[in-house]
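To start, the structure itself, in structure tokens.
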């Protein structure tokens, strides 16, 4: 149930993020919207790996290595999300820097102002 | 061999190491970068060598000491080795080409370059889907960074647009990956593929959707049309050396990623790949048409090429093992060419296509340019050609003709705009700025050129290995032609001597190998070529570029008659087309004409290719390469289609009506000694093709229509309209060109008669037309050279100044008009005898009409140039240059000889044709030639006419022995005195009454039709490209829209 | 308006795809093959208690290397982007120094924060958290320093050196794995030790520490570069 | 326990969606940035619920913390462009 | 049918007969035409007088080699044409040089003289010559077409291109003549004949009534004489072909004279009745009226 909820929310976040990114013409707002979509993706990925009634994939006293297979949830999506988050922040930082420089060039954050290249 | 992981490790280590260097030590940083890239390249090369030469087995590389699917693994196999080699080499050479930019931006930029190259290699090497995602992100981010190397400040916005799009892509990819993982329990691509076998056919929807998302994400990296505006902006604004990477390396890597992904998707997704690929190929090529900016044009072309390869990957189900041969062939050709072109564009200051005229005066760079274009278009002997060939064969065999047609159409459009560009470079005004000669960049370009030719050699070897063919590039005639590239520094006279010796020598070496029919063509192509080349002795200086082009054409023609199978035939056909294109392009104003020549010729060539493919597909042969003669085994319903395609293809070369509009300009604007080559000799290649076609296929019926009858009509109409158009020309060379159209119509007609004498007549025209058209073109060319104009009405009265040219023209027109006793009469005589044997009477009537019309333009030719009033400004003209006159005199002798003893050429052919048409041959008893209907004694005619003429001439001399030459104006002129030569020389609009009566027949319908076709293509393209608004957000919307549309289509299907 | 509607329609279609995915999703009752392998073998093979860490650092170490490289790239490109139009010298003068409280607070807090970061990544193989989280925490310490003393010339060189060295060592350790153990980034060329101990799980603590340092340095570099920009 | 968890999840989800709407539709850019940070922060709580402490930590530290800082850094430099491209279409 | 030397004197004899016949015939026709126009006309020996006068004239200038050779070409064309076709059927003596070629040779040799004349006239530098040539060539292309069609029709009919064989096939009563067995072809040919005889309504090429114009504009004295000679021989030579193809040929000279005269009279008859066409009008006329008949004659066969 939680997994479904989280997943649905994740998808919704992606859509909201996309909508924001595709309709807002302000560069910074587009970037903000993309971070929301990224969060949504992360949520979906983690939700996919969730298994009801199991614990985090860390072995300790309560989860001995021997019966880990029956006790823990799928660790792989979590590993993937870690990577995805870091990549996401890298891209966001980069986009922000671009936005800054674009603003420096045209004194505007309106994406419709950057149409020198076309056709 | 070094573990392929070292490619990644080395790049990263070097990139991190750069951080330790001081910002100021840029030289050192650059050196580190080059060493690292070199090392990476060496690893790939080492592997590629091992796979190619030592037959090494593919190696799986495990990381973390754990076997897949539990840890990420990489694979180094044959394709990986080649592809990483492409990537690394492009990276290395681009690093050379953008040395200045790298040094200006410092170590960070170099690190990014290293990481980018590594990322592309990673995409190729990895077998893990999520790892693929990571490498893609690395590639995307480093691309966004490297765009900054450009000195074009619009690059910044292009980078941002790319980042937006890559965000969208990565969301789709991640969602796809996680659901695919959930469905299959693995992230390993091979593991997923195995699992998919169990999942997909049952249509487990979630997995199919997950795959769809992954697939679309990776396809989006291929910049599919129309969701690719962002990519074009990058191509246009990035540093050209980076664009080279973006086109060659990124394209390569993404394609291989899609290829890997298709392993998972299986056969069900192949049509989608094909569909997207072919839409991209055709769409992008069309949009490139109205493009005037070089780098953007190359961008469109890159997109198109990648699309084509994607389409090929999508045909894996039918291509089977050939997929990699074809896709790789297209890919390496694309990569080398595109990288080379981008590096080249870095040397050029202007961004307009016309700015490439700066290359002129740098023969090496022009050669590089030409090499890249030929590589791209897939002309022999480059890999794309082999790929195109096999692809056509399989597609036709599988009945995927629509796809094949779309591919060929796209390729034709591509060739059109690429060679238009080449035309600009050769013909347009040279811009003020010289090209920069940065040694590293030039080196990169040169290496690409060498790589291109090496690939040609390699693919030739591979094709030889796979299909048992001899290597095209090593064919003696081609090698000989290419040798002139190396000898181009020699003076023209020396090269000319070599060329003539080569042609004659080749004939001497091989003449025993031909049957009589081929022997005649061989003589025309080699010895005939040698005679025309005599005229080239009149050229001074080095004449850069002439000999490679001319000899390429001759090589193609020689290879054409030596070809016994379809592959050699087609390759030769393309070679002679390219060679002649370069040759024609040399004319002063021939840019548009050379282009239309090329487009028509390639269009024709593609039809031929389709014809061969269709034939091969219908079971004549398991391979496309088959003995041409076995075309005869074709049966209904395919045979007539094959016939139609091949016939139209060949008729494009002979300029049959409707397909003729390229000819007048191309022949007229060519150089003096080139016109006879392309008219007198080159046209015969088309006739040869038709001969071969009819010899092997004979009559064919399509929907009850006898196709040879159709040809008969086309021939007759061509003869009529060609001749009609000729009489209205004011330009002497154009007149001759239109006349050639008419003459080819006669020959076509003769062939289509499908009887013994018809063919003999065609052959007679082949010989005659070669002789007199070469002669006339040389004569007229010589005159034009001296008078500085080709407009006939500006000449006049040149007979006394240029008597030898006059004699040549006189003999030429007597022969051509068919007046006895010269050789043209023989053609007419055979013609009459031939038509008596056939039932097709209506087209003959048209031909009857065109006969006397020829007389009109011929008279006009000689009258307006040589007779009438001499112009004041021409009074001091000299005879045409010695070396232009020499071949003309040879032709005069040949014509007379052929007129008296046509048997020397025709007798053996006549016998040879008995195997095709045992009936209706000629009887050659003594000097008398007898047919079923009539007889003809050329020697007697010559003697009788000669005697009568000499007798009367003697008589006139006797009664009028004191005749004195009077001044030109000393004429009886109805109560007026002549005023000036210009007003007294009746020359302009000579046949005005004819225009009044029949001018409606020469409305330029064909020209208008083709203009409308190209015009609407351009208009459509120009309209469609407005779609690329330049707004990054719109591009992202388009991408999402693209995904949705494909989704809907895929669901619909 | 047209744009909004068409985007809405397109996203509706995308939403339909997502909805289908959601509807077709069923949680696995048991761990799938890959996950089971990790659950069963991590402790024995890798010796890390935190299975996610084991996956991130070892099994999928190549991803992580790529991930670190992404940050490296971001930092480098950010530097490039901002360096192109930078007029740093004028920019610096105009900034107002931070208040006394912040400055003093920072002096006490920053080392503590950084220590916490180090703790997080050194224990990455045992507890939740690791190089990335630790690195981020270290970077936040740097951020604090930046806020407190924006005029101070920031030690770009030091950051770059830390970043590079960490990166080089990371690659080197990976290669050691290739040479001494089973493959690239194999952690087992060092003893795996006892499950749960600090010095266990082979090279994982080492690698994760390097990652932490590197990530911290990269984030710091990004922040420092951004802080060097001027207000437009 | 299950119920409680579910209810909490629902709450978290609603909070995220509301925050997301604020982020893309709100007039003020700083608030949009903060809302996006909030989405991340709530997501990291949800990750804890989903038994993913590693992810939760990362998301909290990087996704919500660092990213928000980056945004404000840049926003501070381009203040005047905050409203560019609004209210046009 | 091989060459032997005896053919030469025989051919010269034919030439002599035809030459005299031609001179008289043209004069006669001109006289008839004059009488139709209520004029007195020339005496029948007038052509002899003109010829002798012109050969005797001394003013001899030339505009160049081709100019000089023009009349030679012209007359060679006429003589050659005559000699390549057998004059009398069944007569070894008057079969001339027809062994050298068949009907096609004759058809194409017609152009030999035309071409030479045109070239010679062209070199005169006189614009009217060029205009005349342009008109003449333009007209002849259309005028020759029905004839070519008719010839082809006849060749198809008799399955041969040999003139002798065609005549042979028409022997045995006048109903065997082509004019009765293939009337359409003959109609087409006879319409075409009008165009090639340089008589009204198709004589704008020469336009004798106006100022000196047409190809021979600059020719005089002995040149003109040669051309006059040709004007006597060439029409007869051409008519001989018609006669052989369509009207059963001739076996004796009187029959020859009669048939040739009658065929020639046909063009004179039309000429005095109709006004002159402009060139484009005559082209259209031939294409609209004569050509379809010729086409029909081939198709019906």
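Going in written order, the chains are labelled A, B, C, D and E, and every chain counts its residues from 1.
Here is the rule we go by: a contact is a pair of C-beta atoms (placed from the backbone, for glycine too) under 8 Å apart; a residue touches a chain by one contact, two chains touch by 3 or more.
All of these numbers come straight from a predicted model, not from anything done at the bench.
Common neighbours of subunit A and subunit D under the contact rule above are C. Ranking B-E and C-D by contacting C-beta pairs places B-E first. Put simply, the chain farthest from subunit D by mean CA position is E.
Separating the centre of subunit A from that of subunit C, both taken as means of CA atoms, is a distance of 15 Å. The distance from the centre of subunit B to the centre of subunit C, each centre being the mean of the chain's C-alpha atoms, comes to 54 Å.
One simple way to say how far apart two chains are is to compare their mean CA positions; for subunit A and subunit B this gives 50 Å.
Taking the mean of the C-alpha atoms as each chain's centre, subunit D and subunit E sit 106 Å apart. The set of subunit C residues that touch two or more partner chains comprises 3-4, 7, 11, 14, 18, 21, 25, 28, 32, 34-35, 38, 50, 52, 59-60, 63, 66-67, 70, 73-74, 77, 81, 84, 128, 132, 222, 226, 229, 232.
Counting only residues that touch two or more partner chains, subunit A has 3, 8, 14, 18-19, 22-23, 25, 27, 38, 48, 50, 56, 58, 76, 78, 80, 82-83, 85-87, 89-91, 93-94, 96-101, 103, 105, 107, 111-112. Counting partner chains per residue, subunit E shows two or more touched chains at no residue at all. Contacting chain pairs (ordered by label): A-B, A-C, A-D, B-C, B-E, C-D.
Within the complex formed with subunit B, the residues of subunit C that make contact are 3, 6-7, 10-11, 13-14, 17-18, 20-21, 24-25, 28, 32-35, 37-38, 41, 45, 58-63, 65-67, 69-70, 72-74, 76-77, 79-81, 83-84, 160-161, 163-168, 170-172, 174-175, 177-178, 181-188.
Interface residues of subunit A facing subunit D in the complex, by the touch rule stated above, are 1-3, 5-6, 8-9, 12-13, 16-17, 19-20, 23-29, 31-33, 35-36, 38-39, 42-43, 46-47, 49-50, 54-56, 58, 73, 78, 81-82, 85-86, 88-89, 92-93, 96-97, 99-100, 103, 107-113.
By the touch rule above, subunit D contacts subunit A in their complex via residues 2, 5-6, 9-10, 13, 16-17, 20-21, 23-25, 29, 32-33, 36, 39-40, 43, 46-47, 49-55, 58-59, 62-63, 66-67, 70-71, 73-75, 77-78, 80-86, 88-89. For subunit C in complex with subunit A, the residues that touch the partner chain are 3-4, 7-8, 11, 14-15, 18-19, 21-22, 25, 27-29, 31-32, 34-36, 38-40, 42-44, 49-52, 55-56, 59-60, 63-64, 66-67, 70-71, 73-75, 77-78, 81-82, 84-85, 127-128, 132, 195-196, 215, 222, 225-226, 229, 232. Taken in their complex, subunit A has these residues touching subunit B: 14, 18, 21-23, 25, 27, 30, 34, 37-38, 41, 44-45, 48, 76-77, 80, 83-84, 87, 90-91, 94-95, 98-99, 101-102, 105, 111-112, 114-119.
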